[in-house]
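Next come two complexes, and both contain chain A; in the first it sits with chain B, in the second with chain C.
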Partner chain A sequence: MNTWAARLDNPISARLRDPAASGFLGIVLGAFAAFLAIPPIEARTVTWPILVGIVAAMLGIWTVTRGRRRLGWGAVAAGILGIGLGILATRSSTENLGSTFDATLVAQTLSFATPLVFAAIGGMFSERSGVVNIGLEGMMLMGAFWGVYGADKGGSWVVGLLVAMGVGALLALVYAFFAIHLRADQIVGGTGVNFLAVGITGYFFIDLYHNNPIANGVSLLPNVHLLSGSNFLAQAIGDLNILTWASFALVILAYIVVFKTPIGLRIRACGEHPRAADTVGINVYAIRYGCVVLSGMLAAIGGIYLSEGPQGNGTFLFNMTNGRGFIALAAMIFGNWRPAGAFGAAILFGFSSALALKLQVYSASAATLFQALPYVLTLIAVAGVIGRTVAPVADGKPYVRQ
Partner chain B sequence: MSDPGPSPSPEQSAEAGTLAARLALKQRAGGIVVPVVTVLFAFLMSGIIIAATQHSVRTALVVFKEIFQGAGLNWVFHPTTSLLDISAYNLSQTLLQTTPLILTGLAVAFAFRCGMFNIGGNGQYLVGLIVANWLGVDLAGLNPFLHILLCISAGTLAASAYAGIAGILKATVGAHEVISTIMLNWIAYWTASWLIGAGGPLQVSNNPTNPVSNQVSSGARLPDFWGVQGFQGLHVGLFVALAAVVVFWALLNRTTLGYEVRAVGFNPDAAAYGGISVKKNYFRAMAISGAFAGLAGTLDMLGGAQNYQIGQLDIPFIQVGFIGIAVALLGRNTAIGTLLGAVLFGALSYGSFHGLGSSAVIDPTLANNLTYIIQGLIVLFIGADVLILYVWNSRKKLRRPPGKTARRAEAAAS
Partner chain C sequence: MRSKRWILVVGVAALAAAIAVAALGSAKAPAAQKAGYKAALVSDVAGFNDNGFNKNQLKGLNRAKSKLGVTAFPIVSHSSSDYQPNYNQAVHDGSQLIIAAGFLLGDTMKQYATQYPNIKFAITDDPVAAVGGLKNEEGITYATQEGGCLVGVLAAKMAQKMGHKVIGVAGGLKIPPVDSYIAGYKYCAAKAVKGTKTVVQYSGDFEDQTKCSAIAQNEIQGQKAQVIFQVAGLCGDGALKEASKLHKWGIGVDADEFSVANRILTSALKKTDVGVYDTIAGAAKGKFKGGQDLLFNLKNNGVGVGKISHKVPKSWIKLMNSYKTQIIKGKLKPPACLKGKGCPKGA
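On to the complex of A and B.
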């Protein structure tokens, strides 16, 4: 009752009155300023981007004066960047813009982001429980190969998915045993897992398929046909892969599990202060095992998307993850060890990949350089230039039960 | 799980002198036993994989024999300098692979000694590679000695500065060096791809569609001392790497800088209490670590490769930073241990590539993957201190009962 009364007295909640809100609004408006100039809105005059950008910068300055300096300057930078990009976009021809920023860009962004979301959420579970998982890359790779194998031998993508999850869980279990019971250094163990996965998938790929890249007629992960037609929405989200939709559900589910359930509280307790968690009767080892195995499963689902999804078409290639596990790790860190944050970062990184693919037509070299963007952004994020990322306190520290 | 720590018992201390001496002995003995057991175990496991997939134990044994011969290690039985002898040629190629591994191993080991994990050896190696290529191509016509010296020192310094970014970030804002070096790895990778990609600044000038860099000028090439010049002979870079091993040892054990670095590695709080600047040493250790990895890149560019192509060098060369982790861990982060570890991994990677490449026993393309499996197992097991100490302790337990019975027999006889 009290809280409701307080809310009636003061309709703007405390959260919105926090200077952080205006800072974030400024950053969003800055992005919007650039967005105005590109399709589907495609304002052909510089007025709108400049106006919106100025509002964003002013919000930023206001935020700075109210104490949140980093966030404020971030909003100012976003506003200025938005104006710059907006002017640039209005200057270039409508044709180029139209073919770069169209509905397929949205679809491709989501497609590139899907494996990253799965692996990043997996990594988040593992790290929230206090185990650093550098081995995400290897677990993805295992999922990519054994997923195709399962789909090929089992005759259905469902079998492939299950096999991938099983193998991912198995590799994660081995890693968990080394990291938790044998107290191996977790970075060393993860590096070992990555090597092992490259070797095992490569070995069995040649042994079972004789280096023949295409498993013909293998059952693929299906797309979900929601809308058909040529309008923007139908092209953007009308024909997404089933795992892309599942990744959206996963983010919501992960948020609920981690922050709204007792089990999530236990996981976070193990990552922040395992001794205290143990004292109140939480089985730290069991929680950590569960989380690492879960991370292996999720990373393997991300991996099977690469080989069995729309980009892979049932093809496995040697070391085909090619650093995506590390991008997922970066997305998780960029997203500050939170499901929504990791999702946002994965979308951002997926967008940069999709844009790089589109830019290939105009300038191949610029497109290549664009691929480095996720890593640069993450480096800036860990350096704490725009809002500091904070890892769980006991992340990476083996726990010895007493 | 048994207690991994040393448990002094009265009978033992009577046998082996003071407590400190016994501890040192145990550590030294454990230090040798651990890597040997790990390597043997990794070979055993991979042997099981071969035997299981090829349905023959004999195949597994033949595979290991062929790796051994492919690495040229049978040269020891009939040493010769004639390259017409296949084992001598193989050995020279193994040592060629070993050269960068020594240096990337030292890079990882140096950071480890300061309590940091430099997982960015690949990125630093690439920076060294690219800078050496750039200067090696652009400054053609310079005095060869000067040219080589300039390329090597510039590449090393650039890589040092690149690794220093991670050191500065750790020292100033506390960013974890593992995360920042992983990011720096991929930034270096994509930047290098851009530099030598179609239309990139360092891309080959006579064929604008070929994503490969120019060859370094002949004056900047490291001379070969074993083998035919220009045909992938063994270049003098090996001696530079061996010198780096000595520098590593002297720097760590005979200088104030090394003392401070080790002190910070043992216990940063205690070091800070003793008046050592922890932040300064984080930066210094990372920069020196990067210098070792960058040196590996410059030597590979001026010696073996001479030009750079993403797809071509990825598999044997780009992984060197990660193999360096295995090398350093196997060598227990000491100078001599790293050297031995590098020889093992050099022999393993060239031996499985070449020895099985022409073999009829198993599919030759399986061989490289087998190397990755063995490397993975070694890294996985070498990190598990508890397991290793458990093995070490149970070995001692196994040995004790016969000793006791012997003593009792002696007592009975007298």
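On to the complex of A and C.
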């Protein structure tokens, strides 16, 4: 609290003298340089992107001389990249630009990000309490299959959602038993969970549906129709899925629970120093069980979005999560075990997936190259901007009560 | 240690359950196996439940089983790391003919064909020259550009009627069998209605509907495409559904996809079941054409057009049929590839 108050008291000039702030500003300006050249601003001359980019790079160099080297070089790189992208954008046709950076880019970004947000926040709860959850992938897959099953047999997406959450929680409970009570290695246990989920869903998919796609007409997760029309806002957020809106609420809720409530303090205590938590009377096992089960439920909600979401069309496929659980795990680490950070990272993954498809208006032949974009962006972001992340101290260490 | 005993109990219980399941499973397996020609079909990563490409080939295999009394081994792959073990299994089962269900299995097939010269190998969608041109190999190729051409004619007419002469494609991976469809589609669309523009995007995926649905959205809202031709298997079904949702039209691929969404113009058929059946029938009769390709086209009814929407006027169908006759007579030759080596200019 103190540091926040102190920062707010300072005049802006003093805050700018802080190298961390200037480096961060440089990175933002670098991104802004590229942003200037694309719609809706769409500057058609190279002057503005170059000017802003140079300012960003200079701020970066200044930051480097003040000792924050990683952040400084990040700002320099962002400035140069911003100039480059800005020049590229001004040279491409407005028609192509318009169809790449349009409102649907926002909608698709959010759609690609939604399952990741749920799984990443779930993973955060588990790891904040001190249990590494590699099994997110498997829990998502269970949610994807049993969600469709529930919606198909129960006749409503609500049933599907509840079934998915229940099954996700059950699998998480099994994992929690191994990881917490039996103190099994959590990486090995989580990997086991993933394979178990592939086997279970694969077996029942063949047994119940004879390996055929589930018939059309399954009740799907509904979209929320807020606005209609062809203006920017209506196309961007006028028709998002109910789970996408829920994911926004989840991020805020997770932040409040973890950082502003006594229960959140207990969760963090279990992840940082379980012995101390135990000494003051917190039931470490109960907290950890609760958090792992919650992570299973959230991951399963992320999973059901894949099969029952607006683009899933009620189709389940063998191993359909296809690594998204691991990407969610990466998003959580990338977001430094914080809800807003994890959300930002998930949005970045979603944005680059959506952009990779959109960029094909420039060259369909380079499609394969563009599809590497999410991973390249991640590497740049992790290595250049975020730097070292700090995990909860007792993350992954089973606790032995004495 | 108490916890160790727990693990033991859980482990024994799991083992018992696994044995029980295995016993039940084997009890279901067909008891009587006819002695006869043995043919295996290895699916590509999409598995046999893909609504089209692989599923049709399985149909061909099953028809060979019931009509010719062939012993059939359908083997499912879920990822490219399954290809080798699946070929090992096919060899181990004593298959005399092993059919690869697609282009993606080419490398694996080449390796096994070299290693086992006494077993016959065939591959859907790949000419024999691309897999080493060995004497025990046969390519099952389809002139899909001809089917693509016919649906391209309808797409161009529909786009013209709807006011924007733009038609779209949602491709899967950028590989020759996908591009041949697109090349024919593009060529004949521009021929049928002058000035028709074809926009193409690839999802890089044959399964994930989310990606193809995003592509359809991009092409329709960003580039004003009026018709989306999907060439991406199960992924492409997402594109068809999205096109219907946005009140545009979709065209199915490989199998008849008329019932996938409510606004399906038609489908470009690739009768992979015919190809698989004919290959097995030929090999079983000792007429295996080692080192050569079987070609399935409009002429021998190996490719074609599926059910057509009743919204399509008779005159368009007539126009499409005139293209069909020209192709069969050899007067019209739609290109089989997009830009690049060995491709005519303008394709």
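The rule is short, and it goes like this: the second predicted complex is superposed on the first by the 356 of 402 C-alpha atoms of A that agree within 3 Å, B and C clash if a C-alpha of one lies under 4 Å from a C-alpha of the other, contacts with A are read in each partner's own complex, and residues count from 1 in each chain.
In the analysis below, contacts are C-beta pairs under 8 Å (C-beta built on N, C-alpha and C of every residue); 3 or more make two chains touch, one makes a residue touch a chain.
What you are looking at is a predicted structure, and each value in this text was computed from that prediction instead of being measured.
Colleague: Identify which of chain B and chain C touches the larger number of residues of chain A.
Modeller: B
Colleague: For A:187, select first, second, both or neither according to whether it touches chain B, chain C, the two together, or no partner.
Modeller: The answer is first: A:187 touches chain B but not chain C.
Colleague: So, A:355: does it touch chain B (first), chain C (second), both, or neither?
Modeller: neither
Colleague: So in the superposed three-chain picture, is A:364 touching just chain B, just chain C, both, or none of them (first/second/both/neither)?
Modeller: So A:364 meets both chain B and chain C here.
Colleague: After superposition on the shared chain, which partner residues are touched by A:243: those of chain B (first), chain C (second), both, or neither?
Modeller: After superposition on chain A, A:243 lies in contact with neither partner.
Colleague: A:207 contacts which: chain B (first), chain C (second), both, neither?
Modeller: After superposing on A, A:207 lies in contact with chain B but is clear of chain C.
Colleague: After lining up the shared chain so the two structures overlap, which partner does A:220 touch, if you call chain B first and chain C second: first, second, both or neither?
Modeller: In the superposition, A:220 contacts neither chain B nor chain C.
Colleague: Based on the superposed arrangement, let me know which partner A:375 touches: chain B (first), chain C (second), both, or neither?
Modeller: So A:375 only meets chain B here.
Colleague: Check the residue A:195 against both partner chains and state whether it touches chain B (first), chain C (second), both, or neither.
Modeller: first
Colleague: For chain A, give the residues common to its interface with chain B and its interface with chain C.
Modeller: Residues common to the chain A contacts of chain C and of chain B are 181-183, 211, 364-365, 368, 371, listed in rising order.
Colleague: Please name which positions on chain A make contact with chain B in the complex.
Modeller: Within the complex, chain A touches chain B at residues 132, 134, 174, 178, 181-185, 187-189, 191-200, 202-204, 206-207, 210-211, 323, 326-327, 329-330, 333, 363-365, 368-369, 371-372, 375-376, 378-379, 382-384, 388, 391.
Colleague: If we count contacts the way the header does, which residues on chain B are in touch with chain A in the complex?
Modeller: Touching chain A from chain B are residues 1, 49, 53, 117, 119, 169, 173, 175-176, 178-180, 182-187, 189-191, 193-194, 197-200, 322, 325-326, 329, 363, 365-366, 368-387.
Colleague: Can you tell me which positions in chain A touch chain C when the two form their complex?
Modeller: By the definition above, chain A touches chain C via 98-100, 102, 104, 108, 111-112, 181-183, 211-213, 216, 235, 306, 309-313, 315, 317-320, 322, 353-354, 357-358, 360-361, 364-365, 367-368, 371.
Colleague: Give the list of chain C residues in touch with chain A in this complex.
Modeller: 3, 6-7, 47-49, 51, 78-79, 171, 173-174, 199-204, 207-211, 213-215, 217-218, 221-223, 234, 237-238, 241-242, 259-260, 339
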